[in-house]
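The chains carry the letters A, B, C, D and E, assigned in the order they are written, with residues numbered from 1 in each.
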Amino acid sequence: MAEQRVITAEGLQQLIAILAGEGRRVIAPTVRDDVIIYDDIESIDDLPLGVTDVQGPGSYRLVDAPEAEYFGFVVGPHAWKKFLHAPQIELWRAQREGGGVNIHAADIYAERAAFIGVRACELAAIAIQDRVLTGGQHVDAHYKMRRDHALLIAVNCSKAGGSCFCASMETGPAATGGFDLALTELKTAQDHLFLVDVGSSAGQALMDQISSRAATAQEHNAAQAQVEHTTESMGRSMPAGVNTPQLMADNLLHPRWQEVATRCLSCANCTMVCPTCFCTTVDDVSDLAGERYARERRWDSCFTMDFSYLHGGGVRNSVASRYRQWMTHKLSTWVEQFGSSGCVGCGRCITWCPVGIDITEEVRAIAGVEAV
Amino acid sequence: MTKTVKVDVLARVEGEGGLKVTIRDGVVRSAELNIFEPPRFFEAFLRGRDFSEAPDIVARICGICPVAYQMSAVHALENIHGVTLSPQLRALRRLLYCGEWIESHVLHIYMLHAPDFLGYAGGVEMARDHGDLVRQGLQLKKVGNEILNFLGGREIHPINVRVGGFHRAPRKKEFAPLAERLKWARDAALATVHWAGTLEFPERERDYTFVALRHDQEYPFNEGRIVSNRGLDISADDYDKHFEEIHVPQSTALHSRFRDTGAAYLVGPLARYSLNFDRLSPLAQEAARAAGLERTCRNPYRSIIVRAVETLYAVDEALRVIEAYEEPDRSFVAIEPRKGEGCAATEAPRGLLYHRYRLEKDGTIAEAQIVPPTSQNQASVEEDLVEFIGGFLDLPEEALRHRCEQTVRNYDPCISCATHFLRLDIDRG
Amino acid sequence: MALMSAHRLSTTSGCGVPADVPRLGYVRGRRSDAPGVWTLDIEMADDAPCDFAPGQFNMLTAFGVGEAAISISGAPGGERLIHTIRDVGPVSHALANLAPGDPIGVRGPFGVGWPMATPGSDVLIIAGGLGLAPLRPSIYDILARRDAFGAVTLLYGSRRPEDIVFHAEVEAWRREKKINIELTVDHAGVDWRGHVGVVTGLLPRVQLDPSRAIALLCGPEVMMRFVGAALTEQGLDATKIFVSMERNMKCAIGHCGHCQLGPTFICRDGPVFTYERMRPLMSVKEL
Amino acid sequence: METLEQMLGAHPFFAGLDPSFIGLASGCAHDVSFAAGEFICHEGDAADRFYLVREGHVALQISAPGRGVATFLTVGPGEVFGINWLAPPYRWSYDARTVEKTHAVALDATCLRVKCENEPALGYALTKRVLPVLIERLHACRTQLLDLYGVPS
Amino acid sequence: MTGRHKRPRLAVWKFASCDGCQLSLLDCEDEILALAEAVDIAYFPEATRSEISGHYDISLVEGSITTAHDAVRIQEVRRRSTKLIVIGACATSGGIQALRNFSDVKEYTRIVYARPDYIETLATSTPISDHVRVDFELRGCPINKHQLVEVLGAFLVGRRPATPAHSVCVECKLKGNACVMVAHDAPCLGPVTHAGCGALCPSYNRGCYGCFGPKETPNAPALSAKLSELGMDQRALARLYSTFNANADAFRQESERHDQDGQG
């Protein structure tokens, strides 16, 4: 890998301008209604400078940050899957003509997007969705088109959130690959710098247009230290020394599933905010004349009754079985299906569960390990 | 010889009612508007609720004009708390009301009232011969609904209104698509006024007592004094001193009348227009004149033109509000509950809508009173029938029945509203 | 803005159409095979070949109504796609009631079919209800090269005699004596001269040589559980028992997640699995 | 000519039974055959025989007014019916009618019961052979009740 | 021109209600004329004087049963309808007027009407399904007009209407909203409420107030525990579930659980 470069906030602004100039949508964290979401930005001023998030089970707050950093927070309610694996799309439409039907596959458009501020756990999540949606015999053309045209500009986390446990999932907090550029924000009393690792030729081409200098050893070490500090301050962890996939497989009848069902709302929030959950369903629609048809696809969740519907009723009627499906899939069967865990430790399912059910805590309960 | 004209179920009105006209020796002896819509007891179950719940609850009185209920309620409750809204929030409320006027008036003009003039059973049937006309009406109505959708969340029972303001105030730039639609709507509304002016009207007039709000500068929506063409000029606080409601056997709605004389009065577009012509925008005034209206209109059949003029005004006003809009710092004023009593009247599409609330000190509603426009107009409807139908008695049975119906429909009666009324602890025997 | 920077991709899979978009076909024939069970004969509008492996399924679309996974019940290598459908829900109702000439959407074939038996092996085919439909292609396949197999037996359980699908054809197979056939029903009147009782009750009648037999099972999951257990009890290795599973399928390509059973996607990894693989999964309630 | 003892010994129901017990039982046995469509017994009659089917098929039926005759089980070679012999009130709870020409060994119920009383080991051995039949039929009955092939409501 | 041989007959009936749900049909400005092509609008007093009597292929029923007369009338509607689709919270759960079910209706009548003797009413407001078999229930106070078009379109082609029974949360996340309860402590019934509105209230920075009634398998006690943490007292909880779907089982039970003193 090429040497680390250093840019300033102006350099970052330059980068945004270059990306926009290329006709790209520039999407980055930005504050809306007191929450950091991912949305289009026009300049560095749209980034959440000086705010940070305080997260825990079922709780999220934005507060003023001790340091005026651009990326001094962790992940919010949005995942990048919103842009890559769109929440709702039309697959095809058709029209009755004569005795037949004309079927038109939906045009597959990709916005050329640049994602700024992709965290290590999110890179891992994108890699997982890549395997799910493009790694098999069939390729999701909509996903692939968007994915191929997305530029990933990662940010190494300078702090860990209250729900974060990427370190224990070995997916972060530092980006190790799968990005075009990776930034480490270094804020000191004197300087506000970004160390840049280049991860692709596209990334290099961008760097070539921005004024930068080589990182000093001191800066390099400071960045390392920051990542180490983040690792050490993780809000949560998956229990160490537990073979989680096997644990799940061995405990399909554990009483904890019943217990969690008393708390679980089966509202599906965890699956919706999860950056790897990929399930979708389709609805067929028609006009009132019964002559035009379309099929629409949208995100679905294994927490809905309809998900497992089989002429007459659902296969998973109890909330316990639906929670079990989600958790065992994420942590166990996923490994057999796609070669890795489906969990990247981003903690969204913990923060955005309205009643604060904590997946790491549930694993501990089933493993019989004391809470930390 | 006695003859009875009965309409069991009045069509093309909101809610369920019928009418009965009794004719003896060629003279209309009596007319009754029968409202058999079942009672729903809103004032009763408002008791014990928190004041903050009122806007959502009262909206359910009427699916046609929920905004009117929300507006009267929030103003009454804000009056109790002495809250004044910022000009931006006040303007947003006016805009929301514009949406409801447009939606409600256009529905009545095109789908409910016009078929009476053009000889169709309904708007859908009319569309088979007058497709472009009906489509224009539907699209114009849709613009009203788009305002409600945008600002209220949805057209029926909007969710964005709260005591003290709104849950969310829109951003200035979000208005752009709506403004574009409203510019189209202004032309469509103007065309509607012109078209309405070309209809044929029975030459029937009555010397109504008009009652409506009147505001210093504006055509009235949310605020103003209650005035009449016979010299009444009171604040809403004095409404109860001047008006009363009585309960008649044929109706689950209450009739209103002047407390002192027992006389009927008229609220709604004719009254509003005739009392506030000078407050209309120049565009609306000009269109009204071009469509053959005087500054005062006493012919209830011509209310279709008046509604069109008010629609044009509402579109015009909506554009003005959007143009002048500035984002407020906060979308609402926080309110600490206090004990007290307060009332407010606003102008629902169908006319004056009066609310009064008494609160406990923790904000619990102790008592609520709501007087909707349709119950205020009931007596007037019946008088219209008695006076006008006499001139139509030579018509064949079916045509006469139709004319009776039209006479009721002139009022755009909202029976669903009318039945949710109330009167507290008063037995006038 | 989005459109300006958009690129359009023309994606085609092997048959020229994305896997999530149906191809157009026309119903050419429709006949009743049992009460509420209809077999459609579909011709593809694009004349594309209708290759498939026995046990695979297609996703059929009734336009405006929806899509359902329907196993292919015709002979491999045919000109037309043959599907047998039970009218149970809105989509299958619409499909089953398509008339000749009506358009229909087809995606597929999908999934993993029945194993090709090694030459010389005995084949025990056990079907329940409409489960005979996805097994019929493999029966055609066996009959087409009958000499390659040892003893071939079909045990078929049905609800009532009139619910036996392909009844005339089954009787014709029986007359040909190329395969042994035992039918049983759950309920029968006096006219029925065959067996009454559950399909497992027929197993003792079969001379099973566990060393050279494979078993193909398709029917309600409860039936397959019991038959699988009975066969292993009789010494047949669970790896030589194959079951065809059913779950809610939407995408049919392992992307939508609906049809998961434990670690498997029924649409992609199945619908045919070894009993060995399914046994632990079928035993957990609501998995 | 096959003896009754040989017939019993060859029937799966008696497979592996102590030969002395088979000898005892054969003392109660008769070789019987029925034409197709013949009633072997009727619901409500005394269950005086226990049948071991050797060839042919027998339909076990219950009839209900207005619903006709329903066969709920057919019994073929190697199978048994008439296990009512073992438990009071020793009455048939169904009709048994041959589907085709049927050969069976009929064991006299009274005779068998007396021998079992006198020789509890025989009684226990036979009970152990009757029980699995009962369990299997009960299970079959449950799955039939599930109406597995029917359409879920 | 439609591909169908005979146009189905549609009727719209009103019982105790605010009219809003049937108004939704007239609010379908872009679809109403197409609908009039696809079906014969045979009975719809709010829209037309014309009336075709006899049998109807599809009846839309708005409102709840609150009078003895209406209890009889709904039987007649059922008899004359092939498919009976009930629309809105009044028709599916009894509506807001079902609050009377938990009080003394005579007292209510006395509060509201000067002459209670003129008023005939039942002690309860009940959903249509308490009286007759219904073929489909479309939720909402009011219903979502797009869902109404979907239901009508679905019935015309024989499709199962796409009106998912899952939580509002799913719609909220599809829209990209951040959870108002997690991020702003706003009490929200979204996790136990039937989808269909498009997550309106959270999109306007307020918690869902449950106007589509309980979702499939709602776990209201678990949500109430969270709401208590957010500071809602028993009385507030009892009221929260007791509004436009007060009579729907899951909401009624949860409301009653918190309404120990009957003050809800």
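Here is the rule we use: a contact is a pair of C-beta atoms (placed from the backbone, for glycine too) under 8 Å apart; a residue touches a chain by one contact, two chains touch by 3 or more.
Keep in mind the model is a prediction, meaning the values are calculated, not measured.
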Subassemblies held together by touching, chain E left out: A, C, D | B
| item | value |
| --- | --- |
| Joint neighbours of chain E and chain C, given as chain labels | A |
| Smallest count of steps, each to a touching chain, taking chain B to chain C | 2 |
| Top-ranked pair of chains - ranking by C-beta pairs in contact | B-E |
| Most remote chain, CA-based centroid, reference being chain B | D |
| Chain located farthest away, centre of chain A as origin (C-alpha) | D |
| Chain occupying the middle, per Cα centroid | E |
| Gap in Å, rounded to a whole number, between the CA centres of chain E and chain D | 60 |
| Rounded Å distance between chain B and chain E, as computed from the means of their C-alpha atoms | 25 |
| Chain B-chain D separation of Cα centroids, rounded to whole Å | 85 |
| Centre-of-Cα separation between chain D and chain A, whole angstrom | 67 |
| Contacts with 2+ other chains: residues of chain A | 96, 284-286, 290, 311-312, 317 |
| For chain E, residues contacting two or more additional chains | 157, 159, 205 |
| Sequence positions of chain C contacting 2 or more other chains | 64-66, 88-89 |
| Residues of chain E touching chain B in the complex | 14-24, 26-27, 29-30, 32-33, 36, 41, 44-50, 66-67, 70, 95-97, 99-100, 103, 105, 107-109, 111-115, 118-119, 121, 141-142, 144-145, 197, 200-201, 203-206, 209, 211, 236, 239, 243-244, 263-264 |
| In the complex with chain E, residue positions of chain B that touch it | 9-16, 37-45, 47-50, 53, 56-57, 60-64, 66, 103, 107, 111-112, 115, 121-125, 127, 131, 134-135, 138-139, 141-142, 145, 153-157, 159-160, 162, 166-168, 245-249, 251-252, 254, 331, 402, 405, 414, 416, 421-428 |
| Of all residues in chain A, those that touch chain E in their complex | 32-35, 37, 58-61, 76-78, 82, 87-88, 96, 262-269, 272-273, 283-291, 298-299, 301, 303-306, 317, 319, 351-352, 354-356 |
| Chain E residues within the chain A interface of the complex | 1-4, 31, 34-35, 37-38, 149-150, 152-154, 156-157, 159, 162, 164-167, 169-170, 173-179, 181-184, 188, 190-192, 205, 216-219, 222-223, 225-226 |
| Chain C to chain D touching residues, read off their complex | 36, 86, 88, 128-130, 157-159, 163, 184, 186-190, 192-198, 200-201, 204-205, 219-220, 222-223, 226 |
